[in-house]
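Two complexes, one shared chain (chain A), two partners (chain B, chain C).
Right, the complex of A and B next:
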């Protein structure tokens, strides 16, 4: 599991690469937590290179979303493939998270 | 051909269990990406057993068997020797409520029920046996 982070126009862009399972989820939580500590308040999480996510990863996303909401920040997810989107849908997460198809679209949502 | 993998119920063995299923799919020429719902379902069941089935100081084993046949797709059997526990007995979370209103607990097994075609629990000879069936992943 690998996480890439860049800041573009005040927006944290997190790229998830690999697999988030129960074993790797705590590390992901920790790394995103470090980014959140800088309190930019706008985050994009790109799923393009994410092959797998289980409920432990979904819990991390909820925790991230709650932390951003607490500071009136915003979070947009993008590039979810069909299978992962289906899991989000079944979990009721598609109604909870802002999800966009492409990174460009996600950036413009956060830029407003 | 059925292959059984037996390892202790510890988080560090999770990847080996999941790889067991992936390899059995690859052996049949299936695209591993199509296996995602199956792998996810299995992880949720395994994590439950790893977390709750045995006391920390005395971790018992998990036995994982997967079998494929042309009619039923894949059948996965997960066995542990912990206290009797039916993970399917828990009520499903209300996914119509926002996550601020509901707890996040119970999501894992809920996903397993949704993603697999059939999930059956039985208690037999001091074993918890969970059997999951998924038609050939498409």
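Right, the complex of A and C next:
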């Protein structure tokens, strides 16, 4: 599991690479937590290179979303492949996360 | 903490010399010395003081020499380290001593600065060994505790199936670790209604197991009040959202079967839809109804779905641990393989489906590890009239 982070126009862009399962989830939580500490309040999480996400990973994303909501920030997810979108869909999380197809679209959602 | 050192030498003056050279360490309570004149006496001392940390032993002594003492020491369960004192250049004896487990050696005439360094080095090595042993003991106690917790968890899942002539049930929960976050439940609500639950808590291990215990209790307690499936879920969801700082959640299906009519009402909290298997073997995935995983968002509304079970029809509930089972080529079992399995069955009974599907998944996985809990619950409607 790898995480890449860059800041573009005041937006944190996080790229998840590999698999988020019970083992790697705590590390992901910690790394995103460090980014959240900078309080930019706008975050995009790119799933382009994510192969797998388990419920432990979903739990981390819910925690991130709640922290951002608490400071009136926003979170957009993008580039979910079919299988990962299905995981979100089955659990009902497509209703609680803003999900866009491309990074450009996600950035424009966050830019407004 | 004081380090206990046993000095074994037949030379009477040696005792006085040691006590004199290490007097400061003795006064500061760093070292405590014990003395023996030969191997026998040394073994006696070891028996009397089981917590001796290290032995400094001469080689040539009457009754039992140092090399024999080393051999005897290997048979004892203690971690005690031995340093031998040999004549200068006596390589044969030094090699023998080392091969019998001596930690180090020094030569005569003794250089006391060197001896002190050797003692310090030996004691710090011993400390590492002692810490390692302690850690292994703690780990083994924790493993036993986990195993017990796993047995407790299995024992709170229902094992005797409801005494209801109209329905037969089979269920199984196989955790990936000792304890898991999946569960199933079934209970009699009243003369006409049976309740069924299958659920999967986020994560695995201890945290998931605790949340599983809470979720199961809340769901069963609320369900037994006799309210509708959707109301049960919205109520339990709100309860689980309170103080949920770790953002734990549980996906679940709750179904109520009217055993007189075959009408089944269900609510879906972000869980994989169950499948209905008709008597001719055809499979129908129950339509998704509105709802999300429980514990995520307060105030969420759930929708009740409705399906009729004809006599002989089955409902197959499962958790995603079945679908996400991975083989050595990193392929997932996926819902299509599960459907293929269910589709090809001649014998349609809850027990045969639970056993068969579990075998189908484990055969597919082969030697790969089990990553997630795998749970199934199967019911068959068999009205008597």
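Keep this in mind: the second predicted complex is superposed on the first by the 112 of 112 C-alpha atoms of A that agree within 3 Å, B and C clash if a C-alpha of one lies under 4 Å from a C-alpha of the other, contacts with A are read in each partner's own complex, and residues count from 1 in each chain.
In the analysis below, a residue touches a chain if its C-beta (ideal position, glycine included) is under 8 Å from a C-beta of that chain, and two chains touch if they have at least 3 such contacts.
Since this is a predicted model, take the numbers as computed values, not measurements.
Chemist: Following superposition onto chain A, is the placement of chain B relative to chain C best described as a clash or a fit?
Modeler: Superposition result for chain B and chain C: clash.
Chemist: Could you look at A:58 and tell me whether it touches chain B, chain C, both or neither (first, second, both, neither)?
Modeler: The answer is both, since A:58 touches chain B and chain C.
Chemist: So in the superposed three-chain picture, is A:91 touching just chain B, just chain C, both, or none of them (first/second/both/neither)?
Modeler: both
Chemist: Counting clashing C-alpha atoms after the superposition, which of 202-210, 220-228, 256-264 or 274-282 on chain C is the one that bumps into chain B?
Modeler: 202-210
Chemist: What part of chain A is shared between its chain B contacts and its chain C contacts?
Modeler: Of chain A, residues 21-22, 54-56, 58-59, 62, 66, 90-92, 95-96 contact chain B in one complex and chain C in the other.
Chemist: Going by the contact rule at the top, pick out the chain B residues touching chain A in the complex.
Modeler: So the residues of chain B in touch with chain A come to 11-12, 14-15, 18, 33, 36-37, 39-40, 43-44, 47, 50, 95-100, 104, 107-108, 110-111, 114-115.
Chemist: Would you mind writing out the residues of chain C in touch with chain A in their complex?
Modeler: 200-205, 246-249, 251, 269-272, 291-293, 296-297, 320, 324, 371-372
Chemist: Okay, in this complex, where on chain A does chain C touch?
Modeler: Result: residues 21-22, 25, 54-56, 58-60, 62-63, 66, 90-93, 95-96 of chain A touch chain C.
Chemist: State the interface residues of chain A toward chain B in the complex, per the touch definition above.
Modeler: Going by the criterion above, the answer is residues 21-23, 51-52, 54-56, 58-59, 62, 65-66, 83-84, 86-87, 90-92, 95-96.
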